[in-house]
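What follows is a set of notes on a single structure, which appears directly below.
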Amino acid sequence: MRKTSLIFVYGPLLVFLALFALVPIIGVISSSVWVRGITSEFYAQSLSGQYLNAFVTTIKVAFWSGLVGLIGGGLAALSLWRTRWRWLTTAISALAGVLANFAGLPLAVAFMVTLGASGLVTNALQALLHINLSQMGFNLSSSGGLILVYSAFQVPLALLVSLPAFSSIPDDLEAAALSLGCGVPGYLWRVLLPILAPSLLGTFALLFANAFSAYVTAYAIAGGSINLVPIQIGYLIDGNVSLNVGLGNALAVEEMVVLGASLWVFALSVRLRAKRRAKVKGAMTIV
Amino acid sequence: MFEKWLYRVLIGLFLLQVLLPFAGLIQFTLVGGSGALSFASFATLFSDPSFASSLLNSLWLAASAVLLSIVIFTPPVWHAYLYAPRLLRVIEAVSFVPFVVPAVVLALAYVQFFSSGPLDLVGTPYLLPFAFALLGMPFYIQVFLNRLRHADARAIHEAAQTLGASDFQAFVRIQLPLLRSGIINGSLLVFTISIGEFTITQLTTGGSYSTLPLYLLITFTNNPLEGSAMAVVTLFLAVAGVVAALSAASSRRRRIHAVTASEEAS
Amino acid sequence: MLSVRNLTKQFRDHTAVEDFSAEVAAGEFIALLGPSGSGKTTVLRMVAGLLQPTSGAVYLGDRNVTKTRPKDRQIGVVFQSYALFPHLTAGDNIAFSLKVRRWSKQDTARRVDELLEITQLSHRKDYYPEQMSGGERQRVALARALAFNPPLLLLDEPLSALDAKVRISLREMLKDVQRRLHVTAVMVTHDQEEALSLADRVIVMQSGQIEQIGTPEEVYHSPQTAFVSTFVGVATPIPVTAAGDGSHDVRWGDYAFPWMLTIAQKRELADGGTHIYIRPEAVKLLSAPTAGHEPTGEVLFSMFLGNAVRVRVRMSDEIVLTADVMGGKAMYRPGQSVFVQLCDDRVDPKDDPQDR
């Protein structure tokens, strides 16, 4: 292909990335440390008071919803893998794909009408069993409530991400373990778990990042009544961005650092898995 | 035996956990108002003129985002896959930007960058198709790359060239039909993401431009019944998008299987 | 017809092809034979124009096509994976090159039918590649590459993806089609049997360089390098000197016997000594020596091959001969002593060596 036509091939992508990703993001980073000179004022501000609390709450929600998601989604993936129902796996993957990626807002609405202050289940529990959820301390817009809501997309995401890890396990492995005198539970615990550990850690990192950056669900359910980092950033944009641009930018940079670190762990685990699979293949051809 | 049932129970629990809120949502939409089964909430929704205008807004934004994705992402990914594997790895890594820079941060960046000068786009919907294309980029590129890897695209392109086709002829007559399913699947994902996008739409237009998700949240606050009917509709659209993507991938294969089977039978 | 001059291809960190030159006459069938990584496919791709050489030139006739794009070279290529267009039927795959050349509808249809007939695929015209067997796909790929009457056909491991039976029958068809259409063909293969049975001349390659160019007979019986002797069939080199008795050609120890020598070997022999390569079918095992002072050796092991028994015989610490005993009735036990007779079946026993 001629050199000139390469401009038409790569040019649009370069312009697009520069204009809608690179330059705006560099702008955020630079103005988080620069107001007529270098300053760390915004970072100091963003790591104190209500903003520090926002980090604590966000980490808490992301950690626990990630853990719930990992256990729930991991067990579901394990079950699907062990039962070997192809069509069910396909159907559930599709469903999980919708829920994990595209369901933020409808999900929030669904939880509000079922478990909200006057939700269907809340009222039914009150009427039938005289259980008052809010008196028991349950509140959908508390961090506990959010952990519950977030698991509804964290569990499907964990399922999606860990399924390939399970299916990369060679079938002979179980036969080999069993022939060496190890029971099924022993196989799962002593052979499978150590093999899958890096993948599971990676999955957890991805779930953590996912919850850490979630905005719509929390915004729809709790509005201003929960103190999360994405919500704080949204607040700073929404009305009074002119008041404190630098603070918003500092929070945004911190958010990107956390996400970058989590996704780096995830990418590392994926690469490790690929490498290990290559090794297993090599070993098999040698035999 | 015990093990088998344990797995079935676990799968059942998963489905229960995932589907229960939506069962609640559908039940609320259908019987929540009067206590009797009724489609009134959907009737209210579909007769609301601002629903129609939001739907229209969402559709053109999503269609523009899809068009942008196809035009911007397809040629470089294709070319890099065939001729520049190192560059492809860079493109792939860059495509994951939206995972590190979430929608809120992008919105914050756009509000500052596009607020003045020749690109004063904040407050208008014209920024949105580009933003949606960026959010859809990792999905589009992964799906398209999957297709490229399965299709033996490089050898097929070389074959077309040795048979006398120019680069352009080979791309249009051979590569596009060959990779069509990847382009369609990727487009459907970008479309689904665009239809459901809330954060950037709300934060860069200040809520002045009503798309389906914005309309959903406002309606839900004013009239929970109509709002949840709207949530059902949105969810249905998302499911339809993903199912369409999956069936587009398998329909060709099925057609061919049917032909072979009928010939074997005769 | 095709002339490749001093072709070199340098990749980032290694030289894939070094100073490759070869002349191919019109109508000739050439096999590029070598192990994987020997650079044979790289040569083919440079001839096709799919890869730019670092230096050197490719001529088609008198035309220097080194810088010509593949679409303008008029060379048919059969790819290893076939690279059929999956969304087109067999007929449309074959018609593709004619459509981009704007042939008329009738001419295109006639040519497609003609090629389908030659490749015995008429009943598969409206089938998609996915609906066909591997052998049928391979034939579509061949027909497609030949459709626009290219004077030169390149084949990249054309039979390697097929199972053994189909491979043999397609080999015959390939040779037949090539002869009938008088097309010049260059085929890349790692299968020595394929190369020897199909080609008029074989170019053996290793590590990016030519080891030997010659007819199948020359390459098989007179390998010029140790690599060729071991890569093409099984052969053991033995040192020989001139027999000097008039009725024999060479002498190995006390044993003198007739052997067809190349010119180079004759020259070396005149200078003192040379090596000849002994193939399994040239070795006869005897239980007692005849008058010719046949040397003796010890059987290492024997192995049943179906139509023959292969016996490995240790003659000395360095030399282990391989013998194929046809019929397979004779039993050889490890440790047994045998006498070895060497017979070059290219030598007519009544022929006097001085006249040759």
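We just call them A, B and C in the order they show up, numbering each chain from 1.
In the analysis below, a residue touches a chain if its C-beta (ideal position, glycine included) is under 8 Å from a C-beta of that chain, and two chains touch if they have at least 3 such contacts.
Everything quoted here is computed from the prediction, not taken from an experiment.
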Problem set entry | Neighbouring chains common to subunit A and subunit B, by label | none
For this session: Write down the pair of chains with the top C-beta contact pair count.
Result: A-B
Seminar exercise, completed: Chain with Cα centroid nearest the overall Cα mean is chain B
Exercise. Which whole number of Å gives the spacing of the CA centres of subunit A and subunit B?
Worked result: 18
Exercise. Between subunit B and subunit C, what's the gap in Å when you average each chain's C-alpha atoms?
Worked result: 54
Seminar exercise, completed: CA centroids of subunit A and subunit C: separation to the nearest Å works out as 58
Seminar exercise, completed: Residue set of subunit A touching subunit B in the complex reads 1, 5-6, 8-10, 12-13, 16-17, 19-21, 23-25, 27-28, 31, 72-73, 75-76, 78-80, 82-83, 88, 90, 92, 94-99, 101-107, 109-115, 119-121, 151-152, 155-156, 159, 184, 209, 213, 215-216, 219-220, 230, 233-234, 236-238, 241, 245, 248-249, 252, 255-256, 259-260, 263
For this session: Could you pull out which subunit C residues touch subunit B in their complex?
Result: 48-50, 69-77, 79-81, 83-87, 96-97, 100-101, 128, 130-131, 144-145, 147-148
Problem set entry | Residue numbers on subunit B that touch subunit C, as the complex places them | 151-152, 155-156, 158-166, 169, 174, 177-178, 256, 259-260, 263
For this session: Spell out the part of subunit B that touches subunit A in their complex, as residue ranges.
Result: 3-4, 6-8, 10-11, 13-15, 17-18, 20-22, 24-25, 27-28, 32, 68, 71-73, 75-76, 79, 83, 91, 94, 96-97, 99-114, 119, 130-131, 133-134, 139, 167, 192-193, 196, 198-199, 203, 206, 213, 216-217, 220, 224, 227-228, 231-232, 234-235, 238-239, 241-243, 246
